[in-house]
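Below you'll find the structures, each written out as structure tokens.
Each of the two complexes below includes chain A, the first together with chain B, the second together with chain C.
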Partner chain A sequence: MTSVAHSAGTAAQRPGPDTGTVRHGKMRGQGKEKVVAVAMFLPAAILILAFLIIPIILTFVLAFTNTRLVSPEPGTFIGLTNFENLFTDSTFWASLRNTIIFTIVIVPVQSAVALGVALLVNSKVRGTTFFRTIYFLPVVTSIIVVSMLWLFMYQKNGLINVLLAKIGIQGPDWLGDPHWALFAIIVMSIWQAMGFHMIVWLSGLQTIPGELYEAASLDGATRWQQFVNVTWPGLRSTRTFILITITIAAFGLFAQVNVMTQGGPLNATTTLVYQAVYSGFRQQQTGYAAAISMVFFVLVLIVTLIQNFLTRDKEARR
Partner chain B sequence: MTAIEAAEGRIGVIDIDGKQTNRRRRRGGWAATVLLIVKILLALIFGLPLVFMIVSSFKPDLQIFADLGGPQAFLPVGDLTLDNYLGVFERVPFAQFLLNSILISVVTVGLGLIVNSMAAFAMSRMRLPGRRVILAVILATLIVPFEVMALPMLWWVNQLPYFDGSQFVQGWLDTYTVQIVPFIANAFSIFLFYQYFDSIPKELDEAARVDGAGWFRIYRQVIMPLAGPAVATAAILTFLPAWNQYLWPLMVTQSESVRPVMVGIDYFKQLNVSWGQIMAYATIITIPVLALFIAFQRAFVSSIASSGVKG
Partner chain C sequence: MRKSALTVGVAALAAAALFGLAGCAKGSASASGGGTVTLWTHNAGNAAELGAIEAIVKDFNAQSKVKIEVQAFPQDSYNQSVTAAAASKKLPCILDSDGPNIPAWAWAGYLAPLTGMDSTLSKFLPSTVGKYDGKIYSYGYYDVALAMFTRKTTLDSLGLRIPTIDKPWTEAEFADVLAKLKASGKFEYAADFSTSSTGEWWPYAYSPFLQSFGGDLIDRDGYKTADGVLNGPAAISWAKWFRSLVTDGYIAGKSGTDQQADFINGKTGLIYAGSWAAAPLKAKLGSDVLFLPTVDLGNGPKIGGGSWQWAMSQTCSDPKTALAYLKFAAQDKYVAAVAKATQNIPATETASADVPGYGPGGDMQIFRQFSEKFAVLRPPTPGYTFISTTFTTAAQNILNGADPKQELDQAVKDIDNNQKQNNYYK
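What follows is the complex of A and B.
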């Protein structure tokens, strides 16, 4: 590796015209081109290998060992013990349940809200830019800041309950009540991320040719019929993208929980990543954390495969 | 030059102003009014919490809670003070946190732009051996979220040798390096540049070749100057996560000298500070990003839009 990098480095530093006959020069040029290409790709290749591919492989290796984060003793192979412990741990099941509930609620609600808002601001009416900008502001605000802010607003005597009291509703202790804590985090997460998907929907809407709408209204289609027959089919690839990105992001729920509830009350908001961090970082049980990460990885894989299968199916039918 | 202009237009066609034609018939007055009311309500829902955060950062806690019941919760009225801001700088080395975050995100984005665009150039323009396999691997890794490998990677960086200036020691923990190096190469960024470079006509580099330019010079002086929109998109899409990093620095930093702002706020809150002070901290780390966003709104929005179109 190093010799290639070295020779390629010098080649890259001395760019110059090829000398010699045309044919000879061309062949030499091709050989040199490969060397330069490898040299230019090499930094990215090394970094991707070291910080993407190897960690992914390590997830699958460490999950079957009792490796500890800091330990003079190297970990040893312990077969499926981590998974046996995992599957008999009620906290793990709570984290899996919460992660799945969070995802199942977030995916349809957030994408539907974002689509609704995108349709609302997909016009050239005066002031539209202003509204889009406002809806987008939470996206550029860090999730940590948002979590702190909502932690404050969700206090028992905080802004939200005071406002609810004005219309005669007595709000619960949002984050302190096991029945409400996950719901509170869901609402806040949608508030924060909706603008991102609004923009993605908008860009999808703008790829639909205006003539299709004109043709549809000439045929006397109602607004709803236009949506069903023109807009919805036209958003197929946008839809796939949005579903996959929201799903994967939702599976990774961590920051909100860590800032707002630390998984409580009574494990009502703990998640897979929160548990992985708890065991792999706080308790230094790298092997056990890798096993949790593997479960997470399998979930992502299943969702992606299902999504691929569904889109392929649709394409075949067309 | 029209081909290049078209290529440039490829990323960045969608903007927040909604250039596309209004395809709806003009509505009756009442329908437009209802829609406007909905828009305003939504604007209140999405905008007011941020206003509340900023306004509260200038009030003592007693007044924040006294104001909750009315519109003054969202208005800079009453006993305004900068005490909360002073408190932030007094209780924690906030300036250090801020400096750390700026350094980490600027270096990550800067090195990332070079490394990723070079890799994409080799893939798009040159006979890179194994190009198809590499592209497939890069696309496959796009679906793997960082959280999946965060814990194995924590163990892994703790095994790597680290040169501390005089000798090699084991483990990268508690350094700038561990917060920067793993995030320089970015599969999405490579893919973005790759797609963009592919849209630039090959005749340009052939002409440069005939003029005797080497590959590296073509990359630097022909292709990169044309790749402005891709650079902007990649910079924005790597800056936001770098600035907002939380899970990783939470695990790999212990000293205040390398701690970034997002982990700092967590630590700050544990000191039993007032809500006003937390809102002040939150406001200072939000305003620069909001200002950048307002200034480069078109670039921000088209970056995000293009990330979706590619899917």
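What follows is the complex of A and C.
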């Protein structure tokens, strides 16, 4: 499943076809360079083959068998039974729903918050390095540790509810209430991963030449107009990168769920990756887990194709 | 060929697990080297038990040429580490396992039968010896008994009867107890059933309630189906009762993280826990704490039986040393040492004398009686792993308000499917 997500990433970031042809043409006349190229390509090729291509092919094969993790019996071909079971399994639909909701919410919100914070720490005032460090801190903290801490904070009489009570709000049992659990995980995930995207936005912001802002202010543009006409267009490639990385990370939601809710309450927080790991390891149904992974693969493939299409379209228009 | 395919398949899954759970793949990295034999244990997070095991290993190493090397894992990822290691043929020689997993691991060919230990192990409590297909595969130093803990002063002030082994609380009486605890207004929750615990705790702690109502996890006659026992009228009553504990506000749907501390601090009036809670509670509350039998919900009180046990792997390169260690470690003094460290019921009568409270007339003796009278083994079928996770999910959903009938029917369907897909583990 990881491999699937990665393949989606590389596919989306692969340079356009033009650069490929140019390089290929150059190489044709120079045999020595070709050997060097192959030699340099080989380590990556072997790794990708061993840890990406072969597992993906195996996933496709295993999905049609009843292979088990712990069993002296070999797995046998059972056709589409795994998929039949999967599509009649309400947990699967809950996983799919949660994965999609999580992604749809987290992609715009997390990138917007990260951009907002990046704009704040990009201003030339004292102490920005301090704030950059603070915002980046959750990213370098292990997600397991972060999840454990938030688990305590989200308790019914935990820190968050105590603070809410101070302003007269009776907070729910965040992780124990099916209506709030996914929301709680979304909030926590945004807080945790935001710092990384802040840094990416920041690097994008700093590539925008200062003269453009000078010119804009000479033309009498307000801060908002500067943002819309200078900053936003200047962040085009950063935007694509952020969109893709957040989407991939969002689809792979697992650690928080595993630590904080184990998919509950009432399947409110189960996700495709969580369900795959759960079926594959805890329930030891390798074949069934492979079927889930295949569905996940198809889902990521579709989203990647859409994203490819959208970003290419914009390039053409420009 | 299938095996290598499975290995890589497992690797693919492991990669997925690695996404956030780095601990998962850890298991496959080790192999036992030249002059050492590796031992795996689940108790990395349990200093007392780990210390006791390390002491045994130290004693063994002092008199043996081949040394034992201890590798400890956190309990949460232990089973996954073992299965991953088994798939890649990297199992350590000696490993421990939770009792109900022994049949599955024996069936899958992970474990080798223990030979020449029959007479030693005949003195062990039956629930501490792991058997499958007529052969002994494992033994444990202790068993655990589930019980209710409360304060004498609490029960007295509310005018409640103190239950005994022969006359435990009935369902109606227990409802009255909870109602009065709640009405007293002294507690945040009347009781704490440790609902925030995960994993094997759920089937271990809550399937005995189901059995007390007259249901079970699977029909033990042939282990072919769960139909009628896990979704019959008795099971539905269990589900409704279990859910009502939450809707009536008696227990939390997701309890606090430290059950014992909450009880000691007076946040909860009664707790449902294993005998491991007895000694710490006694130390804090003295003679005020009561160790009570669990509630009789119709068919007498029931508690889970079988705890962590030690076994030898099939792929062990030095079975002689492994077996020598297991024999060495089965001495009464070690049984006593581990039982003392874990504050559980010692597996042998002789060892009991050396464990505080478990000797003749000791106040922990009652747990041994609970074990003898109420213990029900979790179904000894290789399908138990699946049954356990399925039951956990169903019970969690029921506690959170899912429809009991629908939820249990689904669990039965899943379990039956799994038993059938595996040709009933023949």
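The rule is simple: the second predicted complex is superposed on the first by the 270 of 318 C-alpha atoms of A that agree within 3 Å, B and C clash if a C-alpha of one lies under 4 Å from a C-alpha of the other, contacts with A are read in each partner's own complex, and residues count from 1 in each chain.
Keep this in mind: a residue touches a chain if its C-beta (ideal position, glycine included) is under 8 Å from a C-beta of that chain, and two chains touch if they have at least 3 such contacts.
Just so you know, these numbers come straight off a predicted model, no measurement behind them.
Novice: Could you check whether chain B and chain C clash or fit when both are placed on chain A?
Specialist: clash
Novice: Does the superposition put A:277 against chain B (first), chain C (second), both, or neither?
Specialist: A:277: touches chain B and chain C.
Novice: Which holds for A:149: it touches chain B only (first), chain C only (second), both, or neither?
Specialist: Once the two structures are laid over each other on A, A:149 reaches chain B alone.
Novice: May I ask you to decide whether A:69 touches chain B, chain C, both, or neither, giving the answer as first, second, both or neither?
Specialist: Both partners, chain B and chain C.
Novice: May I ask you to decide whether A:129 touches chain B, chain C, both, or neither, giving the answer as first, second, both or neither?
Specialist: Only chain B; A:129 stays clear of chain C.
Novice: Once the structures are superposed on A, label A:258 by its partner contacts, choosing first (chain B), second (chain C), both or neither.
Specialist: Both partners, chain B and chain C.
Novice: On the A-aligned overlay, A:178 touches which partner chain: chain B = first, chain C = second, or both, or neither?
Specialist: After superposing on A, A:178 lies in contact with chain C but is clear of chain B.
Novice: Could you look at A:55 and tell me whether it touches chain B, chain C, both or neither (first, second, both, neither)?
Specialist: both
Novice: Given the superposition on chain A, which partner contacts more residues in chain A: chain B or chain C?
Specialist: Answer, by number of touched residues of chain A: B.
Novice: Contact-wise, after the overlay, does A:290 reach chain B, chain C, both or neither (first, second, both, neither)?
Specialist: both
Novice: Under the stated touch criterion, which partner chain does A:159 make contact with: chain B (first), chain C (second), both, or neither?
Specialist: So A:159 only meets chain B here.
Novice: Once the two structures are fitted together, what part of chain A is touched by chain B and by chain C alike?
Specialist: Residues 51, 54-56, 58-59, 62, 67, 69-70, 143-144, 152, 157, 252, 254-255, 258, 273, 276-277, 280-281, 286, 289-290, 293, which sit in both footprints.
Novice: Mind pulling up the chain B residues that touch chain A in the complex?
Specialist: 14, 16-18, 20-25, 32, 35, 38-39, 42-43, 45-47, 49-50, 52-53, 56, 65, 68-69, 73, 115-116, 118-119, 121-123, 126-129, 134, 137-138, 141, 143-156, 158, 181-185, 187, 190, 212-217, 219, 240, 243-244, 246-247, 250-251, 262, 265-266, 269, 275, 278-279, 282, 285-286, 289-290, 293-294, 297, 300-301, 304-311
Novice: Per the contact definition, I'd like the list of chain A residues that touch chain B in the complex.
Specialist: These residues of chain A touch chain B: 12-17, 30, 33-34, 36-38, 40-41, 43-45, 47-48, 50-56, 58-59, 62, 67, 69-70, 117, 120-125, 127-145, 148-150, 152-153, 157-159, 162, 166, 191, 194-196, 199-200, 202-204, 206-207, 210, 213-214, 217, 237-238, 240-242, 244-245, 248-249, 251-252, 254-255, 258-259, 273, 276-277, 280-281, 286, 289-290, 292-293, 296-297, 300, 304.
Novice: Spell out the residues on chain A that touch chain C in their complex, using ranges where they run on.
Specialist: 1-3, 51, 54-56, 58-59, 61-62, 66-75, 85, 90-91, 143-144, 152, 155-157, 173, 175-176, 178, 252, 254-256, 258, 262-267, 273, 276-278, 280-286, 289-290, 293
Novice: Can you name the residues of chain C that touch chain A in the complex?
Specialist: Touching chain A: residues 2, 5-6, 8-13, 15-21, 24, 80, 83, 86-87, 104-105, 107-110, 188, 198, 252-254, 256-257, 382, 385-386, 389-390, 393, 396-397, 400-402, 410, 417-418, 421-423 of chain C.
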